[in-house]
Amino acid sequence: MCRFVLYLGPRTRLSALLVDPAHSLIRQSTSSREREEPLNGDGFGVGWYARELAPEPAVFRSITPAWNNRNLQNLARVVASDCVLAHVRAATQSSGVNEANCHPFRWRELLCMHNGDIGDFRLVRRKLLASVGDEAFGNVYGSTDSEHFFALYIDSWLASEEPDRALRMARSLSTAIARTLELVRAAGTGSPSYLNVAISDGEHAVVSRFTDDAENAPESLYYFSGSLYPSLADQPPPAPRHSVTVSSERLTADAGWQEIPPGRIIVLDRDRAPRFVDALSGRPLASAENRTAQAAV
Amino acid sequence: MCRFVLYLGPRTRLSALLVDPAHSLIRQSTSSREREEPLNGDGFGVGWYARELAPEPAVFRSITPAWNNRNLQNLARVVASDCVLAHVRAATQSSGVNEANCHPFRWRELLCMHNGDIGDFRLVRRKLLASVGDEAFGNVYGSTDSEHFFALYIDSWLASEEPDRALRMARSLSTAIARTLELVRAAGTGSPSYLNVAISDGEHAVVSRFTDDAENAPESLYYFSGSLYPSLADQPPPAPRHSVTVSSERLTADAGWQEIPPGRIIVLDRDRAPRFVDALSGRPLASAENRTAQAAV
Amino acid sequence: MCRFVLYLGPRTRLSALLVDPAHSLIRQSTSSREREEPLNGDGFGVGWYARELAPEPAVFRSITPAWNNRNLQNLARVVASDCVLAHVRAATQSSGVNEANCHPFRWRELLCMHNGDIGDFRLVRRKLLASVGDEAFGNVYGSTDSEHFFALYIDSWLASEEPDRALRMARSLSTAIARTLELVRAAGTGSPSYLNVAISDGEHAVVSRFTDDAENAPESLYYFSGSLYPSLADQPPPAPRHSVTVSSERLTADAGWQEIPPGRIIVLDRDRAPRFVDALSGRPLASAENRTAQAAV
Amino acid sequence: MCRFVLYLGPRTRLSALLVDPAHSLIRQSTSSREREEPLNGDGFGVGWYARELAPEPAVFRSITPAWNNRNLQNLARVVASDCVLAHVRAATQSSGVNEANCHPFRWRELLCMHNGDIGDFRLVRRKLLASVGDEAFGNVYGSTDSEHFFALYIDSWLASEEPDRALRMARSLSTAIARTLELVRAAGTGSPSYLNVAISDGEHAVVSRFTDDAENAPESLYYFSGSLYPSLADQPPPAPRHSVTVSSERLTADAGWQEIPPGRIIVLDRDRAPRFVDALSGRPLASAENRTAQAAV
């Protein structure tokens, strides 16, 4: 079922997310708290942006567990970025452990990672692939439901004409969720889907917390808005940029962590406070919830 | 483009094929002679049968090169089998190096490995997948043209009613070749395909040497009929079983190695001499060629 | 701290030890019960003998966890052996996760695996290496205390003139334990050592359960004497051979599992019932304990 | 025997060294020109400094070949540094392929990589380890002669009181070379050593080109002084910093590549032109050679 963390804010070391916090992502790879099974040892991946060097992010993925990977520890100490996505995997039965199946997945300048699964994926896979265009189809290299979901996202993104980039990402994500449910309904036996999905282009990010399981809540998901990590010495004078961390489990004991409400997509933008949209309709919420989120920044 | 070796005969150590011969498969992983580029270092795989223990073969695959893999050397010394398939890979651009992309591929009791490529595979992939049944589709885990070709083979095999198992395998292989050419013709730009493909169920094997390239010969392929390896001490009194090795390149300097003619499938059976069928029509050859092959045994 | 299993008896499939039992070694890799930390995910290894093919055993080791390794699952189904050692690792801080650090370690026809650690190993390492002969020194390729302990064993073995092979193994093991304690005493700060060590040559095996920690028991260790696994169909008429499994944790709920007493080495021989010797002195126990063990066979 | 490249200069992308040049290091991993055997496929490693984030460099090492490693390609595109060391390995018989044996090796803020071997290393290893202090001893995790040579370097470095840091590095390197020759003389059979060794602390670097083989030249080694790579867009106005690349083989067809003379250590400093010292005595050369090197800058 996996755990993940996404960061958008001023440049920070990878280790600030992956290693240093009391309940860091590496800690969650052996001892996650909000899943029945605490282990997420079937590989990991980390992606980060250095847009001054290239629009396409770096991706480092491995089939060995995050907790004992020396390369990861070495990278985390020395690499800093203003947008990071990292994921520790608990593989489901149907898909093997190889690098093509490790998150985050990349397409052009986008990264995608997923915690959950698509209901009855084995029955859904063919129709899902048949439903997307060539570009999305051509980006599927492995056998995970997650990478196939990303194909639905890519396809929805290419079809969207929404001019606001962050909103276009949010709407494409909600469209991909809706298409997934429709495909499961048509081909499956009614098994629910769990779709906590994070997508970023390095400047914006959207993360959903969603399930259509009537009996269970979606997988856990939290966000922290504000400065959580030590400033870097070489940093330019603090820009008025928002700093937000979204994580499957709270990284620290700070009081500022807030639960992302079920059925919501959180929308992150460098220049404004987090917003929420409805995960199914893609419509912005003009509710207390958005006001609360903005007040918290 | 890869190199491979297949063995069907009395039990022999894996090392007799992979390590000991002057031009062993491991030697071919660094220094193949009959390809322009001598290197086959993008992973390897070996499959073997122990039908007294299980109908499904063992498969050991790795993304590291064959020449420096200690596990392979250790296994090869101690494992013996009466049917072995082994493959060293030279990856093409379009597909990554991960275990799901290493040969041999397995489906039920069958193993498949490939040396060559499908013309314009990127353009062909979708239609190929759409053309096969659910069972064949569900066996595709990676992104190689080779594994997709195997899906065509599985699909053809499931549709065949030929009662002679070896012939059914041969015909399914020729059907899969014909279907491949048709798909490339329909979707591609006319790039040729190279289809040296080996398939076995542990008791029979078929290996094609084929290309539709009008200007170039197919990839090299040889067979040796007779005893090539030292007898094992614990062997029961020599059964009257045929011993045949098929290899991309001659493993030894023995005079007995013969080229498999272009456009042919060699058909191996424990209880009779090798036969040949036409790679496109699947029809047995009642020719001098078959007579020669039988005389050589 | 690791978990391990050793088997000596009629040929059996590796899967009978590693996969099939309710509390199989693969199960123990995620969910061991008798350690504080249930996880043993820092690589694994399996060694087995096929003495009709070669005196030196096969060894297959990997830095990925046992629970998701397809090669291991494939091998386990098809490989059978009359002597198997398998190990899942929980790495200590001081030594990295690489294949040279995975158990079992091999020297000539011997295999060795370890659950525990040498007290103050970092302070002890130099003197330990200085204390052994060239042959033992030359067999150290990695940085684990376990492989260094094996060097002490090899050195003690080479110096022994005991004619009974099983006893020679037992005495070499107790000598290696005594030498370890002496080295820790001389160089260390008094930290205790935990030395559950299994060694085999394919025909005999010795396994110690030992610690010099005055406050804690040694790591858990059990044995089962008798037939635990399904007979293989191709087996010759049942030889009057003893079948013994030694395991860090009971593989099954069978009543026959017995604890190995602290401070003991169990000595296994194909042709006689298990014996016990004292782990420190190497002296056979003429006690009720040995009589009980024999009665249980 | 390996190939390597070291860069000290203004920040540049890793890909500028590893991927982009016509005869890049990745190209040299399959097709080196100045070794008899062109293949360097037994793993690789890259280390780089980001001293504004941490004094200790990042190290990314892998046992898979450089040419097909997606992580390396991804990192190389996005990571930039002002000091980079990268190495592709051709393993010698005596030491296995695992991450602990991949270069560069790290100790504190230093990185070390090696192309060549220590004569009769198996006979020399014990005495070498016995000859160094605890700090150097404790940094040996694997079994390569290269890592053991680094222990000699560390030991010599700790004993040096030379105040000029670059010169201290050069003298420690020449001392380590002399100690190696002495150890081989005492314990070996007279086999020659090949010691092209690169060491850096992120601000300075020293690279030797040395053999005591009377009949053969040392391994090839070149340097290029000046701007070889495209400027980065985000670079501060060009500092008056020297830019030097040292490489086993010329990366490009530029006329500026110069051979490092046999028996020399090249000494790199951010603020001055390259200097040469004698590899055995460690003494600066006040010769035409140094004048020529300076003139070339």
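Just so it is clear, A, B, C and D label the chains in written order, and each chain counts residues from 1 on its own.
Throughout what follows, a residue touches a chain if its C-beta (ideal position, glycine included) is under 8 Å from a C-beta of that chain, and two chains touch if they have at least 3 such contacts.
Fair warning: this is a prediction, and the values are worked out from it, not measured in the lab.
Enquirer: If you apply the touch rule, which chains end up adjacent to both chain C and chain D?
Expert: A, B
Enquirer: So the centre of each chain is just the mean of its C-alpha atoms; given that, what is the distance between chain A and chain B in Å?
Expert: Distance between chain centres: 41 Å.
Enquirer: Determine the centre-to-centre distance between chain B and chain D, using the mean Cα coordinates as centres, and give it in whole Å.
Expert: That pair's centroid distance is 43 Å.
Enquirer: Please set out, as single numbers or ranges, the residues of chain A touching at least two other chains.
Expert: Those would be 70, 96, 99.
Enquirer: Building nodes from the protein chains and edges from chain pairs that touch, which of line, ring, star, complete or other describes the result?
Expert: Its topology is that of a complete graph.
Enquirer: How about chain C: which of its residues touch chain A in the complex?
Expert: Listed in rising order, the residues are 30, 39, 41-42, 63-65, 67-70, 91, 96-97.
Enquirer: Report the residues of chain C in contact with chain B in the complex, numbered from low to high.
Expert: Touch residues, chain C against chain B: 13, 48-50, 52-54, 56-62, 70-71, 74-75, 77-80, 99, 232-234.
Enquirer: Okay, in this complex, where on chain A does chain B touch?
Expert: 95-96, 98-101, 122, 125-126, 129-130, 134, 137-138, 140-143
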